[in-house]
Structure formats: C-alpha cells, structure tokens
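Note that subunit A is present in both complexes that follow, paired respectively with subunit B and with subunit C.
Up next is the complex of A and B:
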C-alpha cells in the first residue's frame, strides 16, 4: 500500500485530505469526529472577533435532479468566543497529535491584530496558520476577507505581519474573485507565505425563487451575495491551482480547494501541483464518512499506478499546461463512432448539426440498420460529439497522422515576423 | 355445488380488489426517471408509438416540472393518452424501442405518461380549445377510443360533432372492457369529459340502426365516422353454453366496471376459454372476484397465445393457471342447470402450420377428461358489428369494414371508419392506441376533404 502521508511546507499529515475552514470544522467535537473518520487534517473554522450570523445561510444548486452540484453560503467566520475555540483546538491536538490542525485567521488589516492572534493560536499548539484573505461575503464589507485579498499590497503586508511572529508555517488562502490570481499569489510569497491555498468561494447568488421572487437564500425576504463552492467550481479552482503551480515566481506548496468530492478529484489537483487538498461541500452533503472512499480509492489508484507515495503525483501534469499560443496547430483528432457500442440516440448528430460542424450523418447500412458516421474530412476534432455521447466507448477521438511538422501559433507568428524582416531587408 | 360461496362479495372487498393495482410514480421517482431520459434526437420511441407522441419532449417537460406542457404534449398526439399510459403494451412499443434497453434499462415511459396525465386529471387542466365554428357537422358512431379521438380532432378544427353512443357512458372498452385494477373507469371518463369540453355532444343510449337510421345521419351530417368497435363474445359452439355459471368474458368484466358485480365467484373453480388479452382480463378478474382457482384453457401453446407478455406475467402473479394444448369439448351441468364440469381433450401440435403461420393443434384420441368447475368464462374473441355495417351498406370482409389505408374512408364516400370495427382479417392491431391513431387520421382526412384549404395539422394546444 502506497504512503499517503504528505508534508505541506512542513505541516505533516497522515493523508492529503484536510477539511477546509468551514462549518464542518466549527467545533472540537466535529474535528475529532472527522479525524476518527479518517481525515488527515483540519483547517479550523476561521478565528477572529466573534460575529453574528443570519438565520438561513446556505443554498445549493441542483442539476437535472442531482442535489448540490453547487453550494452557496452567507455564513461568516466563527461565532464562538476565541477562548472556547482555543481550548477545543488544544484538546483536539492533544488527542490527535499526528493529525494536522491549522488555524484559519481573519482580523482587521493591522499589524498588532495579526501579532496578537498568531501568538494566541500558536500557544495552543496548532501545526500551521491559514490567513483567510478569501471570504467574499459579509466580512469583506468590513474590510476583511476578500476585500483585503483583492489588494495585493495588503495581502503582502498582512502576510508579513503574521510571519513576523509566526513560528509555524503560514498558508495564505486566496480569493478567486480577482482578475489574475497569480498576482495576489506572488504578493503573498513576497510577504513570506510558506504556502498558498485556493480557492475560496466565488461571489454568487444561488437562485431566485420563481414563485415568491425572493432570492435563494433569503433572510426575511432580503438577500445578499454569498460564496459559491461545490463540484461546479472545480474546473475554476483547478485552473487557478495550475496557473499558480506553473508560475515561476510563486514556487511555494499549494493546498488545493474547490469542489473536491472524490479521490479522482484529489489526483487531478495533485497532478496539477497541489501538495494536498481541502474539502468542505462533499462533507456538507454526505458527512465525514465520505473520506473513506477517498482514502481507499486514492490508495488503490496509487498501487495500480505503481507509485509508492502520493507525493509522487505532485505537479506531474503541470508541464502539460501552458499557453494557448504554445499548442500545436498541426495536431489533428477526429471523431470515430464505434457501431458496436453506439446505442443510436443520435445526440452526437444533433449536437454536431446544430452546434458544431455538421459532419455526423445519420445513415442506414446495407442491413437496414441505422448508423451514425463521421465525415472525417469535415471533422474539426472539437470533441462535442464524444462529450454528449451517453455511453462509454461509442465515440473515440482519434489522433490522425499528417505530414505537417508541429507548429504553434507563437512559432507561426515568429516565423512570419522573421520572413517579413527578411523581406523588408531585401526591399530596402 | 361443491365450492359453495363462503361469504358474499362485499363492497369493501370489491373496492379493495378492483382498485388500481400499480401505484403511480412519486414526484421524486418521476424527476429521477425523467432525468434519466437521454432526450434522443429523432427518437425511436416516437416512431414506435402508434400515435407518435413526442416522448422525449414530454419527458423533458416532466424533468422541468412543466407538467401542463407534458400532459399537453401527450394528449395532443393521443386523445386517450391517460388510458394508454396504463394499457399500452409499452415493452412492445415505446419502451421496447428505448435506446437504453441494452445500455441499462429502458425509461419507464408508460409510468411517466401516467404521471403527467394524472397531474392533468388531478388539476382539472383544460389542455385544448375548440376551433372556430366552420359550419360543418360530423357524426361519430361509437364513443370509444377511436370515436373520441376522431371527435376531439374534428372539434379542435371547428366542426360540430355529435357522438352516438349505444351505452350509458362513452369511452368504449376503456370505460367498460378493461379491468379496473389496470384501468380505473374514472380515467376513461376524464378523457370523455375532455372531448365534451370541446363542445362535442355525446348522445348516449342511442343505437344507430335501431334508434336512428343511417340514412338520416348521412343526410344530416357532412361526414360520418363509424367507430362502433366490436360486440360481445360469440357462441363457442359446444354443448352446455346456456348453463348457469357460463359467462361472456366481456360482460363479466363489464359487471365489475359498473358497480358491485352481481356475479359471485367466491371459492369457485373457474375455467377461462381463450388466451387473448380479454381472456387474461377475465381470468384475473375472476381471481379478484374471489375464485379459488382459475385455469385458462387454450388449445395451443404459450408460443401461439395472443396476450401480451406483461398480461401473461400479471396473470401468473395473480395465481392463474394455464392449461396449454387443451380443447374444451362440452360444458357439463347438473340437474338444476348449473355448471359442474368442463370436458376437455388434450391436443398435440401436428408440426404443420396453418394459414396464419401457427402450428396446427390436433386432438389426442381418447384423451378426454372432465375438469370439475363451477364457472366457465368464454373469451374466444368478439362478434362483428355486422348488422350496423350492412345497415350502412359498407363493403366489408367477414364483418371487417374495408377502408382506404390512408384516409380511413369506407366504400361510402361520406363514411369513414376506425378502431376495432376495421380490425381483423389480418389487418391492424387491436390496441387502444391504434384505435386512437386511426380515429385521429380519419378526422384529419375529413378535415382535408371538407376544408381543403386548411392544413391537416391541428391548431396548436392552448
């Protein structure tokens, strides 16, 4: 069995599965139950000056009858006194010395505030700190969370203040509600961050009740934007992790967050550069026991791949992620339909006909059977047919050999420019 | 009598035994099932539906909680879509064609159709509007599935339609001939009501040919749709048919559709002669009437029986026994004229095939035996409406009205025919859904004939 233990900037954990700072890590009772269930670490629900929460806080988005495709919340940081949280952190750490407990922190952007809270939480024995510069709702209106996370200089300054007194690793949690996450990530690193975590939730309105015309959720008929997470945000998070992972000026470990629900998701985040992951929505939906399959599935996967340690996954796909201008324009795939597996739902045909390049024909073969056939010469290799196909193995996207040498857009533009230069020299 | 009645058949027992057997989908079940539908393009289920209901489209509407839209889509194509949701042999039609058959499991189209139409019934939804009156008048003879379907389409086009219905209520076999635990009468009567709400007048208790002459109808109306179905079970031609305890399968089912039945089968041993869908209905009906044992007597085998597989399975689950290769020879009674035995002879398949392609059964000499029974139910087919057909002077083959394949026009230019009255002699299917489609097509042909400028496509739904 492969070694699942991880080490994120010095924070050791029996496995890469941490609970994100969120409702499941609100109390010692919950975190201890989580550790018993198998979670390797927990980022305690954000500590700071206690707040008051609203009643009616969460909402979710269903897709085609599936619950919680996306999840939205307007809950704030912890509403429990700091002393109570610290006492429970201490007790939990004592009971689970080998598990990772990270304190999520959010205070006003003042040096003394950061010094004070860092000292207090480190006193009770946390393994690390996570600076919450990401929470998009509520706290942001008070100049904290995402409001400070959207100002790169403020991220750098606050990270620096925390680092001035911190003795444990400092993770900076980033907001996705920004144009280019790598800018903020670089400022966090400049401020001394030992690691970064992403993504926090995305500004969202879960829905509008079409019968009452109230927002979803609403608080006595009034709504406000929340933070969006859950499976629907995974591609956004994965891209942000990858962009940071491949950025030369960042270079610190990444804790991946955003829609992670299965062991496959964890593999993907780690391949794209995460050292470990944090999970919330899957637990909100199914409870702590969801980690059992995550551990088991990951372990089986590593064994199947012949990998001795989960850390061997970290960043292995990062070099495969680059800019559009670096993609080979002469690479060609076409769709091929496997009649043996095709069930003749014709979804590929109508998708191609109405939304792509009209190259899948509905034909009748010599035996009078309906068949779908791709006119390969007209196929642009967009993948749409294979995406809408409901059965596995019915449509393969097949790479086609051609005589053309690999050429990217950037290479093409450089070639054209050099030819132009040569021509200009000639005519002059 | 050997198996005397233990107790009378009480109203409670009746209510219990004849309530709809299969529960409908829950809303969660409907959402899950409708979301499972792939929403195929050019879907095979539509092609497999005799009325061409746009099935993926109505299922998508269920998935989005647009139940009015779902019900409208169904009923637009099939005016008796609520009944068909329950009685269609879906595994041979839409569900049999579902592309998911081999991939996982076919969508429960019938159950989803029932879910949507049940919504329309429960919400008293009026899905269609009468067309603007164009002055044309059409008489429809028979208010069963074919007649209702024709009337509905004609009314939507603005024709004034009168249905002449011999029975007390319209709906035909859906109202009287299909056991309530499969099709409650209220469903059929709702469909009748939908047609009435479009301004169609239904004259019940009027027998064309007796109470009103064909000539009169042909004079008063611009067109006539003959959709009078078929009659009761014909005599089987064996000794003892007149004995007490011998029943006509259609009349037996009918009794259970019109209130507490007077027939008492509690504790009885019942033999049902025949193996079609009506025979199965009669058999399961007997079980639910309290019979101790019900045997189906059929001179051929399982392979040749015409009942649908799901009917056969249902009968087996109800405890009905099947006696294959058994030919009834006579019904034996006691001195009081009550049935005591059914004399049968064993048959064997000769290996030769008849004109219908089925193996010919022959009696095994000396294999006669007496089956002790208290009741015999005859279910060997239905009589043709010969006198009515001849009253109109229509061409027919053994009582099957001859019609044009596309227009459903008979040998009389003003008379069109649809439903069971044109079923037989190797033609068509005796399904409710086929009758509905034929009625629809006959109506469209009439519309094309009387209003050549109008597109036969019926005006869109409300």
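Up next is the complex of A and C:
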C-alpha cells in the first residue's frame, strides 16, 4: 500500500486530506470526530476577534437534479472566544499528536495584532498557521479577509508581521477575487510565506426568489454577497493552483482548495502542483465519513500506478500546462461516431449545426436506418459533440496523424516577423 | 461550400504560385486574413500577391515557412 503521508512546508500529515477552515472545523468536538473518521489534518475555523453571525447563512445552487453543485455562505469567522478555541486545539492536538492542526488567523492589518495572535495560538501547539486573506464577505467590509488579500503590499506586510514571531510554518490563503492570483502569491512569498493555499470563496449571490423577490439567502428581507464554493468552482481553483505552481517566482508548496469532493479531485490538484488539499463543501454535504472513500480511492489509484508515495504525484502535470501561444496549431483531433453505441438522439448534430462548424450529417444508410456521420475534413475538433452526447462511447475524439511539424502561435508569429524583416519592399 | 473546400481552393492557389517559381517574401496580416507577397525566386523582379481568407490556409502557409526555417519538411 502506498504511503499517503505528506509534508507541506514542514507540516506533516498522515494523508493529504485536510478539512478547510470552515463550519466543520468550528470546535474540538468536530475536529476530533473528523480525525477519527480519517482526516489527516484540519485548518481550524478562523480565529480572531469573535464576531456575531446572522441567522440564515447558507444557500446552495442545484443544477438539473444535482444538489449542491455550488454552495454560498455569508457566515463569518469564529464567534467563540479565543481562549475557548485554544483550549480545544490543545486538547485535540494532545489526543491526535500525529495529525496536522493549522490555525487559520484573521486580524486587523496591524503588526501588534498579528504578533499577539500568532504567539497565543502557537503556545497551544499548532503545527502551522494559515493567514486568512480570502474571506470575501463581512470581514472584508472591516478591512480584513479579501480586502487585505486584494492588496499585494498588504499581503506582503502582514505575512512579514506574522513571520516575525512565528515558529511554525506560515501558509497564506489567497482570495480568487482578483485578476491575477500569482501577483498576490508572489507578494506572500516576498513576505516570507512558507506555503500558500487557494482558493478561498468567490463573491456570489446564490439566487433571487422570483416569487418574493428576496435574495437567496436573505436575512429578514435583506441580502448581502457571500462566498461561493463547491464542485462548481473546482475548475477556477484548479487553474489558480496550476498558475501558481508553474510560476517561477512563487516556488512554495501549495495547499489546494476549491470544490474537492472525490479522490479523483485530489489527484488532479496534486498533479497540478498541490502538496495536499483542503475540503469543506463536500463534508457539509455528506459528512466527515466521505474521507474513507477518498483514502481508499487514492490508495488504490497509487497502487495501480505503481507509485510508492502520494508525494510522487505532486506537480507531475504542471509542465503540461502552458500559455495558449505555446500550443501546437498543427495538432488535430476529429470526432468519430460509433454507430454501435449511438442512439440517434441527434444532440451532436444540433450542437454542431447551431454552435459549431456544421460537420455532422444526418444520413440514411442502405438499410434505411438513420445514421449520423462526421465529415472529418470539416471537423475542427472542438469536442462539443462529444460533450453533449448522452452516451459514453458513442463519440470518440481521435487524434489525426499528419506529417506537419508542431508549430505554435508564438512560433508562427516569429516566423512571419522574421520573414517580413528580411523583405525589403515598399508595399510593407 | 464546406470550410475544407474553401481551404483547398486557397491551398491550390498558393501551391500554383509556388509551382511557378515564386517564393513567399512577406505576409501582411489584416482584418480579412493575410496578404501574401510572392517574388520570383530566380529574378526577384517579378512579384505577385494573394489575399487568403481561411484560417487553415493562413496556417498552411506559415507551416510551410516554419518548416523551411526549422529544416523540417511538411507533407
């Protein structure tokens, strides 16, 4: 059986599955039950000056029968006194010395505030700190969370202040509510971050009730934007992890967060550069015990791949992720319809006719049976037909061999520039 | 006309000019595609132009040039 243990910037964990700082890590009772279920680590619900929450806090977006495709919350950081949390952290760490407990922290952007909370939290034996520069709602209106995280200089300064007194690894949690997450990540590293984690939640409004005209959720008829997470945000998170992983000036371990629900999601995040992952929404939906399937699935996968350690996955797909301008323009795939599996629903034909390149013909074969056929020479390989096809195996996207040299857009543009430079003619 | 047929038509025009001994001297990309400038390889005196429209033809012609530059032979 493969070794699932991880080491993120010096924080050791029996497996890569951590609970994210969120409602499931609000108390020692919850975190201890999570560890009993199999979670390798927990990022304690953010500590800071205790807040007051509203009633009615969560909302979910369901899509075509899939409940909680996305999840929205307007809950803030802990509403419990720091001493109470610290006592429970101490007790939990004592009971589970080999599990990772990371304290998520959020205070005003003042040096003395960071010094005070870092010292108090480290006194009870946490394995690391996570600076919360990501929560988009409530706390941001008070100059903390995402409001801090959207100012690279403030991220750098606050990370530096935490590092001035920290003796455990400092993870900086980044907000996705920014144009280029690598800018803030680089400033976190300049401030001394030992690792970064991403993503926090995305500004969102889950919906509007078309009968009452109230927002979803609403607090007595008034709403405010919340933070969006869950499976719907996974592609956004995965891209941000990958962009940071491949950035030469970042170079610190990454804790991946955002819509992770299955062991396959974990593999994807680790292949794209995460050293471990954090999970919240899937636990809020299904409970702590989902980690059992995650552990079994990951373990079996590693065995099947012949990998001795989960750490062998880290970053293995990063080099496959580049800029559009570096993709090979002469690579070609085309759609092929497998008549044995096709149910003639015509969805591929409609999609291709209405939204792509009109290259799937509806024909009648010699037996009088309707068949769908791709004109491969006109197929641009967009994948749309295979995406909308309801039957697995009915449409394959097949790579077409050609003897054209690989040529990227950037190479093409350089070729044209070089050609034109050498052409001394007045028409140019 | 299918996209492939449009491309084939432009490819044949490019190939026909090249077969007459012209080489591609410059490419001006514009809103309608690309204007290709050809010169006679032997004399450099004769010149001709061809406006190409399709994406595949624009890719084809630059692949020819890129292959030449990188000493690779396209099909």
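By our rule, the second predicted complex is superposed on the first by the 423 of 428 C-alpha atoms of A that agree within 3 Å, B and C clash if a C-alpha of one lies under 4 Å from a C-alpha of the other, contacts with A are read in each partner's own complex, and residues count from 1 in each chain.
Just so it is clear, contacts are C-beta pairs under 8 Å (C-beta built on N, C-alpha and C of every residue); 3 or more make two chains touch, one makes a residue touch a chain.
Fair warning: this is a prediction, and the values are worked out from it, not measured in the lab.
Once chain A of one complex is fitted onto chain A of the other, the partner contacts of A:183 are absent, as it touches neither subunit B nor subunit C. For subunit A, the partner touching the most residues, choosing from subunit B and subunit C, is C.
Of the two partner chains, neither subunit B nor subunit C is touched by A:308. Within the superposed three-chain model, A:350 lies in touch with subunit B and out of touch with subunit C [touch as defined at top].
Shared-chain residue A:403: touches subunit C; no touch with subunit B. Of the two partner chains, neither subunit B nor subunit C is touched by A:208. In the superposition on chain A, none of the residues of subunit A is touched both by subunit B in one structure and by subunit C in the other. Only residues 31-32, 34-35, 38-44, 63, 99-100, 102-103 of subunit B touch subunit A when the two sit together in their complex. Contact residues on subunit A toward subunit B in their complex (touch as defined above): 64-66, 343-347, 349-350, 362, 390-391. Residue ranges of subunit A in contact with subunit C, taken from their complex: 329-330, 357, 359, 375, 377-378, 380, 402-405, 407, 411-412, 415-416, 418-420, 423, 425, 427-428. In the complex of the two chains, the subunit C residues touching subunit A come out as 2-4, 24-29, 37, 47, 59, 62-63, 65-67, 69-70, 72-75.
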